[in-house]
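One structure, pasted below without further comment.
To keep things simple, chains are lettered A, B and C as they appear, and every chain counts its residues starting from 1.
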Amino acid sequence: MSEARIAVPESAPAGGSSRRRLRDWLAQERVFRLIPFVLVEVVFLFVIIIPFLLMVYISFLKWRANRPFEQAFLSGFGNYEQVLTAPGFWSALGHTFYFAGCAVVLELVIGFVLAMFVSRTVRARGLYITIFLVPMMIVPVVVGYNFTMLYIDSGPINQLLAPFLEPLGIDPRIRWLSDPAAAQWAVILADVWQWTSLTFLIFLSGFSALPKQLINAARVMGATAWQIFWRVELPLLKPAIVIAVVIRSMEALKIFDPVVLLTAGGPGTSTQTIAFYLWEQVWVFNKFSFGAAASILLLIIFATLIFFGIYLLVRQSAAVAQQRAP
Amino acid sequence: MAQIVLKDVVKKFGAHVAVKGVNLQVRDSEFLIMVGPSGCGKTTTLNMISGLERPTSGEIAIGGRVVNDLEPGERGLGMVFQDLALFPHLTVYENIAFGLRVKKVAEREVDSRVRAAAEAMHISPLLAKRPAQCSGGESQRVALARTIVTNPAVFLMDEPLSSLDAKLRVDMRTELKRLHARLKATFVYVTHDQAEAMTMADRIVVMSGGVVEQVGEPLEIYRKPASQFVAGFFGTPTMNFLSGKIESANGGLVFQASNLRQRLAASLPSGLAGRNVVLGVRSEHVTVGANGGTPGKVQLIEPLGAESLVFFEFGGATPLVAKIDPERSLDTGDNLTFDFDPAGCHLFDADTGARLN
Amino acid sequence: MTTPAEMTDQQADSAGARNLRRRRLRIVVRHAILVAWALVILFPIFWMIATSFKESGEWVAWPPHWIPQQPTFKNYSQIFTFDTMQKGVAREATEQPFNVWGPLGDSLLICTVSALIALLLGTFLAYSISRFNVGGKHFRHAILMIRMVPPIVIAIPLLMYYAIMIPLAAETVLGTRIVLFDTRVGVSAIYIATTLPFVIWMMLTFIEEVPYTLEHAARMMGAGRLYTLRRVVLPLVGSGMVVTFLFVFILNWAEFLLALTLTHPDVVTLPVLLNKFQSASEGRLFGPQAAIGTIITIPVVVLGMLIQKHLIRGFSFGTIRK
């Protein structure tokens, strides 16, 4: 019986043997393992790598979209020079880091405290988790839109403030989005509202993974709650903290949607983030080669950060793997 | 038929050589057990027979046919895994039927063969359940039923009993042996438990560090271990080992170590005199309280029921252990005298560990 | 100070009572903070839903109406109308694309198809990475990098690629003009590429929970690789695939920047539609906008709640012990 089975590959009938041979070839481990790899790489090649090379080429051209592409001519590093001397680029970059910094710190602190409280709560725990995770699911554009409704001069925020402002003789119908500082914080708070849910989620999974015996052991040895928190829980939560910081920082630096919806970069350029700035340069002013050069510079800045971020993640997951091993 | 021949089989994982040239013949319908400590290469060898690993060099033949380039499924084997590898998403019935379905056996035959296999393993009532609902012993039977249903000529087993508790494991040993007698198939079984190997095997292959140390029947391995490693691996309590030197005295040979002087069997070649050796003696070959023996002092008594173990020191590097009658009134701190049965003395080369007598 | 041993019963009692009171206070404060944040989260959502039921006069009334005083379905009937030339609708929004059906269809189609393709490709690659270590030790991290690149940096070359390069190349090679700009295929392609890293990461966590020996067992019984994959591996990671699909669907559903930059005017996804309302600064249509916001939000929030438990695991990036 076993011999008959073994004989099959050699004595396959001639008809359809090429299909069979193809199938056998594909089933070999060295071929089989590479099929999905090649497919995915092809997707990346056509959708990301070729466009990227194109962008590098365009960044050396002097070209605006209102002229035909064929007439564009090489201008060397001219575009890069323009980008580096454009004040808008630097201020947009500054705003981006400012927004990201403020938002991520707030998200980390609030997310951590909420996760800690929820993990120690028994009653209504599931309800809290469900509610706290809702913002993550909401389309960012809707979040931006929601906040414009809250911030408008006859909106609920002003109504809540009215009892405090009216006695002072101030008209409570403040136009929040017309003031640079307030508009900036409007963007930051919209981001915090939405993405604290993610830091909460990461920290919550961190808290629920804490080894209970270790904390009980510390308690038996007479450690106070405060000592347990600083000496036991916080060090064990380090991986979760690193993950939250890296992921949120990377995402926050991309901030675009709430800016478009809330302030459209204004008033003035006070809420222009780098994503918004580039979008405006390319899609509104048609400065394609300028945009390409700026993108490449941006990519260099980001690649450094990303590399650093990934390095932290890898080191952290290696540390976790080590902890897990006996 | 289904004898298996391994010729100079080597397996490297990168720079690490897991199997260093194994030559082995598994006879048709024999119960062969490969035993050794973890990392000795026994599981890798089994996986090369199964086809899950490819040998780096060497040749494997099953039933006279070289199978190096055949897929595992084409080799006509059945295998039981350490974690049993029951498919959690399928019922017990579908688990057993899996191999038949792969081979596109007709539905009616599948049904009758699955039911027959379940009947044979006494798991008919479980057929509709999922593996997660079965107990450890039941899962074990399901895994066996799944393997026997395709009537393989060779059964490979990779520590299949290690997940069971102690009592069930002993029961399953008997059951496996009975199964082997009934099926008359070739069994290749891997374990690190020497007791399992002793009780079930027709022949035992002892492996260590990627090499075969000894192949033989259980009692042969127990009585004439080929190396110090094999001697230490089999038997509880572990064999007593003493380092010393062989000297010749009044026509015979004696073993001399610190304050111990042991007469050796007369059959030994006199050429051994003057060599540095390790003397091994099992606890049952140590007689305690015999006249004219070496003095020692009791450290610890371990009563086992049918007999007791007595651990005592005598001035050597390590204490010795002897099996005694549990009725003997010895107590910790008591003085005793002891002697070795010359027929139970094993001599190993001090450097290579190879057997000398 | 007294040590516990020296305490009289009375002292012990009062200390215990004090501890109990303190613990109760702590629990109350904890719940107060949690409830406060829950309100912060629910309020904007509540406001949107309330606005979606308000008549146009109530949209920007001062003081604002917290609850619609004359609840109406007018906003919904406006966006779900089949006849854009209907009276009353045309008066307020002649130049606006008002109908939600087209964008809803585009969004559903693009998100579903691209999530399915990404799921298929990503699952296979995750399997290959997990079992054969394809791409080497750091491949999975290299893939994550793609996700971290800001989408605007991808959008600029893609625009030129879709709008200029591909038409040019197609014309010279094939003789016909193929444009990916403003097409569903174009948007889907970039969605597949940007969500693949997520699929791979999430599926890796699920696939690595399937023991190798199951596949070995199947192969010992003569099953081929594809058979093993289909009958053993896929059923075991099936629920993981559903979760991953839903997650990727939500990501695509929410995506705005790439849809905004790579389409106009034919293909419109829901976020882009919402933005079109917003850009019309004169006489903002808060009611219909809120209605659109509500219908975009509700399904994904429901889906999100369904996969909530799995998200906690998927987002742990290996920090959770089993």
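Note that contacts are C-beta pairs under 8 Å (C-beta built on N, C-alpha and C of every residue); 3 or more make two chains touch, one makes a residue touch a chain.
From a predicted model like this one, the values you see are computed outputs, not experimental measurements.
Visitor: Of every pair of chains, which is linked by the largest number of C-beta contacts?
Guide: After counting contacts between each pair of chains, the winner is A-C.
Visitor: Can you name the chain that lies farthest from chain A, using the mean of each chain's Cα atoms as its centre?
Guide: B
Visitor: With chain centres taken as the means of their Cα atoms, state the distance from chain A to chain C in Å.
Guide: Centres of chain A and chain C (C-alpha means) sit 13 Å apart.
Visitor: Round to the nearest whole Å and give the separation of the Cα centres of chain B and chain C.
Guide: Spacing between the chain centres: roughly 56 Å.
Visitor: Check each residue of chain B and list the ones that touch at least two other chains.
Guide: Counting only residues that touch two or more other chains, chain B contributes 74.
Visitor: Where in chain C do residues touch two or more other chains at once?
Guide: Chain C, residues with two or more chain partners: 222, 224.
Visitor: In chain A, which residues are in touch with two or more of the other chains?
Guide: In chain A, the residues touching two or more other chains are 5.
Visitor: Of all residues in chain A, which touch chain C in the complex?
Guide: 5, 27, 29, 32-37, 39-40, 43-44, 46-48, 50-52, 54-55, 58, 69, 110, 113-114, 117-118, 120-121, 123-124, 128-150, 152, 154-156, 159, 162, 173, 193, 197-198, 201-202, 204-206, 208-209, 211, 239-240, 243, 250, 253-254, 256-257, 260-261, 264, 274-275, 278-279, 282-283, 288, 291-292, 295, 298-299, 302, 306-307, 309-310, 313-314, 317, 320-321, 324
Visitor: In the complex, go through chain C and note every residue touching chain B.
Guide: Contacts found on chain C: 211, 213-214, 216-224, 227, 231-232, 235-236.
Visitor: Would you pull the chain C residues touching chain A in the complex into a rising list?
Guide: 27, 30-31, 33-34, 37-38, 40-45, 47-48, 51, 60-64, 66, 121-122, 124-125, 127-128, 131-132, 134-135, 138, 141, 144-146, 148-161, 164-165, 168, 189-190, 192-193, 196, 200, 222, 224-226, 250, 253-254, 256-257, 260-261, 270-271, 274-275, 278-279, 286, 289-290, 293, 296-297, 300-301, 303-305, 308, 311-313, 315-321
Visitor: Quick check on the complex: what are the chain B residues that touch chain C?
Guide: 50-52, 71-74, 77-79, 81-83, 85, 87-89, 98-99, 102-103, 146, 150, 156
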